[in-house]
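Two complexes, one shared chain (subunit A), two partners (subunit B, subunit C).
Take a look at the complex of A and B:
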């Protein structure tokens, strides 16, 4: 009891192995807490286990998980609009589409300079393609307008060169734009970042140009256009800025700036030329007018509403599209009846997968029963027959069905020969739902039989005998006693077949025609033909979600632990 | 005469043969008749044909030849579910997806018995096996002994006149098994059910049955009440199979009377024995004597019995008895069991004693 009076932290006896620590914690022989000692001892084991699986883990992460995650991310990713038209998106911020009028001059202004840079970097067609998913016609609008951007600048340059021959020379404009005094290096860095985002590339290196603060204040539009020109020339084309002729956009900016700039008080390099140009009073063509002349659609408020709707970095548009809806400036709405295909395809995929699963159960159950109840030697032979399809290429099996089912095929020939079918009215059994169901049932049948077989093998025959001895007929004994016990096998087989079939691609592609294709065929089309990867990713995500949902529901109802696959 | 006996029998096998492969007979010429209410055990080593007989009776196997009669009617062509025979299986075969009550009401449901009737019968059957509380449980939630009771109740709930049990206690531990042996016999007698019980455990067979049929090699070797089976085995297989037994090979020297003969053992000595299935001098024989019938105290033996010298090889203290292993007439596996009585001497290894027995306890059987 004397121990309790001691208040100091030092114990009166040295800690021994079986001693309990201050807070009632068990201590090991060296005085550390038992828990941390155990952890230390186990860490080595864990590390070794991790090292064993590391190669596969890394392989799977790099080649499987990461690409899938990246792909799925594309279903919401939408930064192409802000990246390609950063200024326009900003200018469009306070435009209200519901007024029903095209935006003001400022938006067209920003659009011109954004589009000019994008056209030089050849990014504007990509944007056109992206926006074309949402509103048809935008692709050609962007492409054709991209071509005409030079014209207005050329006209201005001609007028300027009449005032001063040197306006077309690179070093002259370079001198003018560089000016004197403190320079705007931060601004250049900003524009480099814009270009990097637009081209999705990192652009290291020195631009070799920076406008002075004074000139940027005096000629803001010109500075913007020239900086873009300079960064693109130096970093993408890797030329010397001063030696290259400036872009036409520079002159568009200059004429615009000259309308308001107070050049009289400017005293930097080439100030006189600037004053002379101002004095020439070259008439300004409003850019809204220019775009309207290029293509009347630019005045259409709907075009601008679409751009505005799809300007955020993330969009639900692809997902809405994948369920036959659309994101309009006025909110979410259903697509017109004649454009709705995905819900129908999803439903068809579900329906046909259910039919395939059902026919697999009907065909597989008796076979599995036979397998489980035959003597081992004959069961093995039958098992080989069941597994035989696995040793044949999927393509070969599918093609074989094509041979069997086509109108001049084996089955039709036999039916005609037997006189069951008239030669003129041969049955259409391929390139439709029937063909897909037949071929896929055949291909997926082993996935039903194997789990069923393994479950049935675990049901002792005494149950049936017991039921019969209790007075049940063969059918009652089967239905009340055997069948309920084989349900986990049906569940396992069904979930396997169903999940495999809703994602199936090759077979429906070959034998499905137009009415027998699955959602996966549409996904493949968007991946490889229409290149609308966002939509493909959204469709794929929905499919994945459906599968996971089914899996979850199955786990809740049947229990994944009950699934026996072999 | 035989026909008359069979017509009175409740269950009868008449010249039944069974072959699975068409080459060998698993059951050879089986004749058996059972009166109503009898508890008959089929005992035998595995592969002796006892389970096959049971399955033929239940209808899961068909006899290759011969007739099986139930209550005077041939049942060879009646499917199992119409025979109305209750059956308890080795691993109980309780339906795992049904509760205990559902398991019990299954045979009543298939007989289309009304719901209230059904519930009453299920309750009665559960009470009968003292499992009234467990109707809502699943078989997997019960212990082995409890499952056994339920299996029994299920076989009895539809009130069959004949119940078959296929090694029903094989999976239980010793104590539980002994308890259930008692329960099953009690129930069978109380309800007056005719029972055919298959086991390979001879203790079970001896303690439970009215009669035991010892099977070997597809034939009934002996069909007799337990005491007769133990004390008067008719051949050396039965003698060997039932209980512990000392055997010694020898030759018949002389038949001295209807109930006595002299046997010259291969080890040299001559002893008196009761001839059972030997008839002529010179015949080879195997004499059998139970370990507890061997006497080591001369004073308890009649005069004139043959005495044999025996060397103690091993003395095992087993609590209630002493088990002494001796070398007798060249046989070093001769076992004697003596009661742990206050005056019983504890023998030492290497000691030489004289042993003897009553001639009627020593049976001269086939070699």
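Take a look at the complex of A and C:
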């Protein structure tokens, strides 16, 4: 900014600078060649312009463009399955859904420990809700199974406590799991990351626990369960690990590990208790069996196929849902007939926007013509009638229409009073398509009249007179001479009205009832009521694409720079 | 165009035209009394006869004739349906009086070339009637809301008392409710807290950027312009959804700051458009002249450039203010109950517990928009005057 005084006088000069450059060396005051000096000034000027624009550009990028980008991202983002059930997704990799059988024992083992951690962090219901969009029933499956996970561990603990009283104590298990020798700090860090992803929070701080390498090799499942317990206790609940009673999942892991572990050769802390537990030979309940008892649906291959289909981090599922298709394990297919609503809604939005645009043209054209052909003083007076609704709050106009169109409203009252409508059969003009079309035509009409008016002002009235003096009838003169010249105005107004109407939310929500709503009402519903944000984002992205396409057309026909207000 | 022939028309012609109008109004009168056809005939006969009599006997005394029309219609209105009937009848009488003498004197042809055919004359007036009806359609909803807001009952329609101009049918209770109800007052206060802040942000950033954009050499001008205008183009529901997702990620959802930032973003295109439009007519040699005389850039900006573009900046600011003040979709998603603005409260009122207080608020808002419209018009004139002074 400080160099305005130096570069101020230069902007109009570059052309002359080029001219004189051809004739040879022309030096500016500081001894450089004039050409490079001018170039430098030009550069500086560009930079200054950019510096002035930069704050706003950054502001808009952060407050507006980033949210739009985030919405586009959310329409494909799908990391909740891998984040909540990381082990299960990995174990499910080898499973082939087309065999038609439930996956093997290993998948259920992984599911148990994943689900236990998720249930503690209260994340499993979110996953259930997410998967429920794709297959109904999964939400309750996850919710009910999350509640029963403790039972199997409790049984094991009872059996273990019969062998040794200390199995239920926190510091005893802590000592056993910590062991001696080099410890697995990397493993703990991994599990912290898993927990962070699952809860979508950063969890700083020290866990205060690390299993020894030896114990991890000896008791892998127990170590996993105990490490999860330790990270959750230390980082989320902020308690001391050794003082808390371990989760039931730890005992489930222990009993599993004891089936195969060679504890006789282990000599770390509490080794003899471990050997005693092994010697007690507590019967193992296979986890597949456990889940099958919890809910038979866990043996259903379709459930697993759905989980597998939606396990990748990105999915086209939301977009497919938005156009009434679905992503099934066998590929893409149409939704059942009775669940197809979005294509219908898109079509209805398009149709009603077209009707609204059409009625705006029909109503706007005569008014614009009148305004453009009246003497300026009277045109300005009538212009107030157009501009006042334009400047009045949208909600004022919508409430006015609600008041007028109601069955006990002004229009019905007048019609009844005039005897045109029977008091018992008052017209239903609100909460249907008619209400939306009337109210939105009224609201958007100024957006049609204003561009039409500015185009018509530029058409010389002498053309019409010339056509008539050459023998054209009134209609021919209008249709062949005047109308073609007003088409740019119709185009500009139509695109403007159409763009505005396909994204309308407030008016259809209030006067549209169920049959007069637009796709935007569905987007709002998914954001605030059904909480299916991904689908809302996908619907929004499609709508945005349509609008940008129209906007591009508008730019082609009218040009962004020609947008005028009032 | 100076050649205008005004030929008085025979009484029968005027009577015929007025009879047609009479038939039209008679239809409604007839249907409300039970028989439409009878109404048409009666209306045509009565009005036609009145017009014939008026033209035959009072052709030269137009004022007296018109008053007679008003008097006759008002009295018959008073007899049939009281005070409101008198007012309505008086208006109707005025209309018939005007039409009768307008037609009879032949003045209706003055606006047209003398060679126009009767069909063209008919179309000329039919077209004006159609356009007038559309303008009525535009303004009626706003006009209907205003008297209804003074309703003494909690109805959304005119009560019989209101139609009789009975003072008991009118009251200020909905206004009282607006000014005493804590929900509405809180909403008003929130609106007044959010809109000015958003306006300051968008005007501050927007004016600077508009000055930058109107420099002769701006790289990527089109792309930058497209980004800056985008908040106006993208449908509000999409902006609202995106902002809801993004702001809840970064913890701005449901905060005052979040709503202000969102509204500022929505207001920016209006500031950019109005200020760049003003700068198109700005003469850059003025800043050079100021620099020449030793003013530094900041002095130049505030003493030379700013006063000249101020009307544009203020009208951009008004646009930004009204955008934020009227905005409901984005605040519905980005805000929480603590940021409930006036339009939000109206939206709730319309969707759930519809209360006539909304009409009082609506009337107040219409008055505000009339004031804004007047201010903008004054600013536009001032801007044109200022630009007219500077050589272009």
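Definition applied: the second predicted complex is superposed on the first by the 507 of 566 C-alpha atoms of A that agree within 3 Å, B and C clash if a C-alpha of one lies under 4 Å from a C-alpha of the other, contacts with A are read in each partner's own complex, and residues count from 1 in each chain.
Everything below uses one rule, namely that a residue touches a chain if its C-beta (ideal position, glycine included) is under 8 Å from a C-beta of that chain, and two chains touch if they have at least 3 such contacts.
If you're wondering where the values come from, they're calculated on a predicted model, not measured in any experiment.
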{"item": "Partner chain(s) touched by A:384 [first = subunit B, second = subunit C, both, neither]", "value": "second"}
{"item": "Partner chain in contact with A:484 - subunit B first, subunit C second, else both or neither", "value": "first"}
{"item": "Which of subunit B and subunit C A:50 touches, first, second, both or neither", "value": "second"}
{"item": "Touching partner for A:463 - first (subunit B), second (subunit C), both, neither", "value": "first"}
{"item": "Touching partner for A:472 - first (subunit B), second (subunit C), both, neither", "value": "first"}
{"item": "Partner chain(s) touched by A:351 [first = subunit B, second = subunit C, both, neither]", "value": "neither"}
{"item": "Touching both subunit C and subunit B, counted on subunit A across the two superposed complexes", "value": "474"}
{"item": "Residue ranges of subunit C in contact with subunit A within the complex", "value": "28, 31-34, 36, 120, 123, 127-128, 130-131, 134-135, 137-142, 144-145, 148, 155-158, 201, 205-206, 208-209, 211-213, 215-219, 222, 224-231, 233-247, 249, 261-262, 264-265, 268, 270, 273-274, 277, 284, 287-288, 291-292, 296-298, 300, 319, 322, 325-326, 328-329, 333, 343, 346-347, 350-351, 354, 358-359, 362, 365-366, 369-370, 372-373, 376, 380"}
{"item": "Subunit A to subunit C touching residues, read off their complex", "value": "1-2, 4-5, 8-9, 11, 42, 45-46, 48-53, 55-57, 59-61, 63-71, 74, 363-364, 366-367, 369-370, 382, 384-389, 391-404, 406, 408-410, 413, 417-420, 442, 445-446, 474, 499-500, 502-506, 509-510, 520, 523-524, 527-528, 533, 536-537, 540, 543-544, 547-548, 551, 560-561, 563-566"}
{"item": "Footprint of subunit B on subunit A - complex, ascending", "value": "460, 462-463, 465-474, 476-477, 480-481, 484-485"}
{"item": "Subunit A contact footprint on subunit B (complex, rising order)", "value": "58-60, 79-82, 84-87, 89-91, 93, 95-97, 106-107, 110-111, 154-155, 158, 164"}
